[in-house]
């Protein structure tokens, strides 16, 4: 019973990972990846690793989405200009 | 397992599960709203877990997420502004519900912590979380109207 | 820079410094001399960045 | 419960690999690689966990008061999370270069261009 | 190789890998088991050197050489990005138009920017005491600056972010990590050995010998590396345009 929170967190993470692969549009995938980062942070907390959790939250909540969204924007802009 | 961890488990299974479902399916406007709400749900459960494990050091996780979570939503609001002009991503009912949940969690934790530095820290985290959540919701529902090139 | 604007700038920096130093005192658990020194310098950096950011946004 | 966290790590790893192999967009592939990376963190920390343990951080804990989890695996995972993010950035930079040179980010189209 | 054939190969290989991995899982020590010989020794070593956060002690003391490797990967990755994302000859810079951001969002960005910065520096400074350290705090401090881009526009960010300074800081921080390591050699012990400074009082900012210094060096390194990295990506996404008709 004490492990219920670990099971829930792990299931959420597995679900988010599956969704991150299944969602094929990069911009929407970035949204799922940011959720995956949050859930990983929770998994690390319940596995008693707050340092790793901090690391994951710092990277996963803002940095990774920003990098992916900037890349998406650059590629999209190229696509638009090429189409003209 | 104590009541705090049980509450965090329920919050995660209910709130974060719903947020995951919302972010993986449906139109873009719904996905960004779900992403925004997931921050408050996860932050509240992190604070509950810190109390449940009886480790005040774990509150730093909640603090970090309360600062950076809304920033992540602003990233999406800013860089998806063109896609979000057609359908506004407004869900104020849902937003106020999560704000209420967050406020309840923070108040309960403050009562458990008793007056002192820990309580002020929890209040700061709560203020950052709720303020950030409201501002991010505002940004999603048309906060970046004029953004084209930038 | 006239005296008036200099005074306003100093007031802004001081307000931010006080607020951020208080924030630092809330974050930490035990207070000692080194902690105060580090907190004061971090708050000073924060105040400078806060003012720089505010000026950069209202530049035009 | 004895193997469940390990199996979750395996599941995340395999899903990420499937996504990498079937991806039609290089940016999406980089995202899948991030998923694969996260499986290693889950595996490492699951190996280091101890029932009823708490983090070996003594800022608010008296040494010896409670059982502790393994700090070594945590240190391994911690550095890799941040370094992994910069490596992701390097891969995204490569994708941007490919997009500039070849005008596409679909790996299948890229193979055709070369062949 | 056709797509269908490739998927068949993937399914075959994936099934084999899955079977092997699952078999390996059942051979691992059970989840939550009590035997962690290295962990127990690491905790003891850390307490002997009066470092309250054992993970920081492992990172910056017991396995500091490994962290040097991680830092070089980080440095190399950022260098690679800077080289890959430079402005090509057939590209030119376009000033992005100033943008209108809703007032609450702008005010929020300006208020949270210093708060996030102080939070990041707090996480760095207390790395050897409470959860945190240079890696985490550096990312937070660097992300804080980019609130200016999110809350206003790219021009505002550029005005408070002298990119050259951050590039120099990045290298200086990497060097200072090496110098701290070499200081150990000069003092007559080993590279990165934690014998230079007194260990101090347990659970205060100055405890742990060289751990806080290495921690601060990594914090500076990560923060400036992330700023430089994001600057390149922002340049590409916002400013750099290809020449029309090329």
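Lettered A, B, C, D and E in written order, each chain numbered from 1.
Everything below uses one rule, namely that a contact is a pair of C-beta atoms (placed from the backbone, for glycine too) under 8 Å apart; a residue touches a chain by one contact, two chains touch by 3 or more.
Here the structure is a predicted model, which is why all the values come from computation and not from measurement.
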Which chains make contact with subunit A and with subunit B at once? D, E
Contacts common to subunit A and subunit D (chain labels): B, E
Among the chains here, which has the CA centroid at the largest distance from subunit B's centroid? C
Top chain pair, ranked by how many C-beta pairs fall in contact: D-E
State, to the nearest whole Å, the distance from the C-alpha centre of subunit A to the C-alpha centre of subunit E. 17
CA centre of subunit B versus CA centre of subunit D: separation in Å? 24
Return the residues of subunit C touching two or more other chains; collapse runs of consecutive numbers into ranges. 23, 27, 29
Scan subunit D for residues touching two or more other chains and write them down. 1, 4-5, 18, 46, 48-49, 54-55, 57, 59-60, 69, 74-75, 78, 81-82, 85, 89, 92, 96, 100
Which residues does subunit A have that touch at least 2 chains other than itself? 2-3, 22, 30, 48-51, 53-55, 58-59, 62-63, 66-67, 70-74, 78
Could you list each pair of chains that touch, in label order? A-B, A-D, A-E, B-C, B-D, B-E, C-E, D-E
Going by the contact rule at the top, pick out the subunit E residues touching subunit A in the complex. 32, 53, 55-56, 123, 131-133, 135-137, 139-140, 142-143, 146, 226, 229-230, 233-234, 236-237, 241-242, 244
Per the touch rule above, subunit D residues touching subunit B in the complex are 54-55, 57, 59-61
Which of the residues in subunit D come into contact with subunit E in the complex? 1-7, 10, 13-14, 17-18, 21-22, 46-51, 55-60, 63, 67-75, 78-83, 85-87, 89-90, 92-94, 96-97, 100, 108
Would you pull the subunit D residues touching subunit A in the complex into a rising list? 1, 4-5, 8, 11-12, 15-16, 18-19, 23-25, 27-28, 30-32, 34-35, 38-39, 41-42, 45-46, 48-49, 52-55, 57, 69, 74-75, 77-78, 81-82, 84-85, 88-89, 92, 95-96, 99-100, 103, 105
Enumerate the contact residues on subunit E facing subunit C in the complex. 98, 106, 110, 113-115, 117-119, 121-122, 125-126, 130, 145, 147-148, 151-152, 155-157, 159-160, 203-206
